[in-house]
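By written order: A, B and C. Residues from 1 in each chain.
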Amino acid sequence: MALRASLRNKCGLSGLLSQWSSCSSHGRVCVSPVLVAQQRNNSTSPKLKVDFDQSTGVAVMCLQSPPVNSLSLDFLTEISIAVEKLEMDKSCRGLIITSSQPKVFSAGLDIMEMYRKSPEHCGEFWKAVQEMWLKLYGSNMVTIAAINGSSPAGGCLMSLTCDYRIMADNPRYTIGLNETQLGIVAPFWFKDTMINTVGHRTTEIALELGLLYKPSEALTVGLVDQLVPEDQVLTTATQTMTKWLSIPDHARQITKSMMRKPVIDKLMSNREADIHHFVSFITKESIQKSLGMYLEMLKKRKS
Amino acid sequence: MALRASLRNKCGLSGLLSQWSSCSSHGRVCVSPVLVAQQRNNSTSPKLKVDFDQSTGVAVMCLQSPPVNSLSLDFLTEISIAVEKLEMDKSCRGLIITSSQPKVFSAGLDIMEMYRKSPEHCGEFWKAVQEMWLKLYGSNMVTIAAINGSSPAGGCLMSLTCDYRIMADNPRYTIGLNETQLGIVAPFWFKDTMINTVGHRTTEIALELGLLYKPSEALTVGLVDQLVPEDQVLTTATQTMTKWLSIPDHARQITKSMMRKPVIDKLMSNREADIHHFVSFITKESIQKSLGMYLEMLKKRKS
Amino acid sequence: MALRASLRNKCGLSGLLSQWSSCSSHGRVCVSPVLVAQQRNNSTSPKLKVDFDQSTGVAVMCLQSPPVNSLSLDFLTEISIAVEKLEMDKSCRGLIITSSQPKVFSAGLDIMEMYRKSPEHCGEFWKAVQEMWLKLYGSNMVTIAAINGSSPAGGCLMSLTCDYRIMADNPRYTIGLNETQLGIVAPFWFKDTMINTVGHRTTEIALELGLLYKPSEALTVGLVDQLVPEDQVLTTATQTMTKWLSIPDHARQITKSMMRKPVIDKLMSNREADIHHFVSFITKESIQKSLGMYLEMLKKRKS
């Protein structure tokens, strides 16, 4: 499985790079404070738009996978590659993650990737989830989540990897690791990331109940750092980035690594076991039935 | 000592099981939202009343050991056996712990079990304290503390093992690990349980000063989750339980175990050393004198 | 290096002891609630004034190294020796740390000790910083910081070692570990001390941005415990001390040790590596340039 995943990543890489070109985003337009003339290293796949402004050293990564930015295997791979590409570009110092889809930042992991799929596929998928988390939680760049919509489960995790979280102050949006509500379980590194953000007790109650927080509640418990009106999420992220970039990179990076390394190391030394654990769990018939019922419920809600 | 304790537990078990019958509770009546017709696995010892409602899957365990639910060796053993019995009953999904004694949830560990007693007895007693904590903190059931009175020291610990804490909003009641006030020390697993609930700094200051919090203060620091008028403590616990039981058991249980396992494992792998440590400390003449003075003070307060 | 540092400590000790005599403090007068007749073990060096009141068991250590109580190698050594001396005096149960310098508690580590200095000197200096932290964070005495002025970087660290922090409610004062602002990095044990005080997330954001908090902000995040008008800082510290000393020493000390031992042990088993790490970092040309620019900036600010 590890080999297949590794091959896929290679194929994914070349496939993605060839796809990247300037195509328009779907749904809500992703406004980027970047003039075309200043752009470099920009890239747009159908699902991901990356605008890098060389004059500021800041890239804006816009999730644009309709309808709700579900994190599929392909999408996760695209994200990881895009982040790695920016990471290797020394002139890129900051990354803002946001969404072009209306009302949603990201709906989280794509359940279709784990429903009635082979163990091999599930393992490959999980490896891609790990990869996205490792790349973002361990990034040397300043990372800011511009959460302009709901952000459950994997969407919340992606936000939690960032250095700072700004959320649209719209009471219809929610954010949280709600896995238990679906009958599945957030793994230890989701948990560790949340503990590092909101502490042990809030994490315990949130994960046991699969809580989804309204923005005001999320601010109270510390799941997000700031609320602003929806149309100011991205501009506030850009202003906040300027403040973060005033700190010498090397000192900030060493400090960030010191804070996050223990939790990153824990997954790094347990990746295969974690994949194995996930595959054993998710392919259980009882869990598959839970997922089936959840998908059925989603269908009914739509119609 | 381990052997004696083990024998005692066995004797305690048979003794307890034969005692269990429906006798009335002392003092304040323990109102249980359970119809007799629906009951199964109910049991009442003179000290402990357990009402299990099969229709809801919820048991209410009522502490009724006059005058103040002091946790003696016998009482702790009863509690552990009752919890284990419910734990093994797959139809029991939730446990509410409350008190029938006026003004008090539990006054904590019974000091008479450690004052002028043999090292063997102290060791046996401490093992029973460990056992109660292990059973409750590691329970697969949803556990809710309906704290309808003061809850110092061991009473606070028992509350802290639960998934959720609802306290009567009566400023005369207090809750906290106040061991240092008595000249004794909360052991590392009391401390770890408290850190997991209120964080490191609040624990440090609370344990060093042996702080007892009023309900409003306990809510502020996170030692309890909710305050309600005294006559609504048990009904609120029942309503809250319904919410918790809407989460799939298996996902909630795995999550709970993931959150608590490190702290449980720490005691599990150090039980004998912890008992030895406690016995060495508590049998010191200086500590015995402290306990004696405290008991003298309690006597004077009564008269 | 270890040998030299050890020799220096010895020399420092005898040197300091011979210097100690009752000389007046510079700048702001350090008011001590101590009658001369009751004093014992008092000592005053040009930089440090220690008033020990035998009747209360409380010592007041007043930092009086003009202009801003910068923690030089000599000053750190004096502080460590003074703390050790009090620690060994069984009649001394509490220590209040405060400043006689106007507007500042301590400006933190003296940058001149690490700017254009030999690796040996930097190592010796760092060992003295470690020693100060180990002595204070691991002290058996009740320690209270009476923060009557700004307290950046090492000054903040010194405050964080105490059991309780009372700060002057003057919005011109700030407190925080602002090392990254200078292009340097707070080491793991600064970080651990701060996590133990304000939790992981607040520490992450504070250290990455090198945040300096106003007193009201410091109170909100838990960096200090109490704000009082400037002229009441020391009297409040004295009153608070009385409350802490009402707890039996042995129980409080065991509890304090239990809370702090893991973090202390981490440095104890990594002292040499930590010194080596610091020396390698601080002697880098790029870091030296950063320090040079910072010193230049300080000079300009003065003139």
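One rule holds for everything that comes next: a contact is a pair of C-beta atoms (placed from the backbone, for glycine too) under 8 Å apart; a residue touches a chain by one contact, two chains touch by 3 or more.
Since the structure is predicted, the reported quantities are computational estimates derived from the model, not experimental observations.
Taken as a contact graph, the chains are fully connected, with every chain touching every other chain. As for how the two copies subunit A and subunit C face one another, under half of their interface residue numbers coincide.
Taking only C-alpha atoms, you rotate subunit A by 120 degrees to land it on subunit B; that is to the nearest 5. With centres taken as mean Cα positions, subunit C sits 41 Å from subunit A. Contacts with at least two other chains are made by residues 199 of subunit A.
By the touch criterion given at the top, residues 179-186, 188, 191, 199-201, 203-205, 207-210, 286, 290 of subunit C touch subunit A in their complex. Contact residues on subunit B toward subunit A in their complex (touch as defined above): 163-164, 195-199, 222, 225, 243-244, 247-248, 250-252, 254-256, 258-260.
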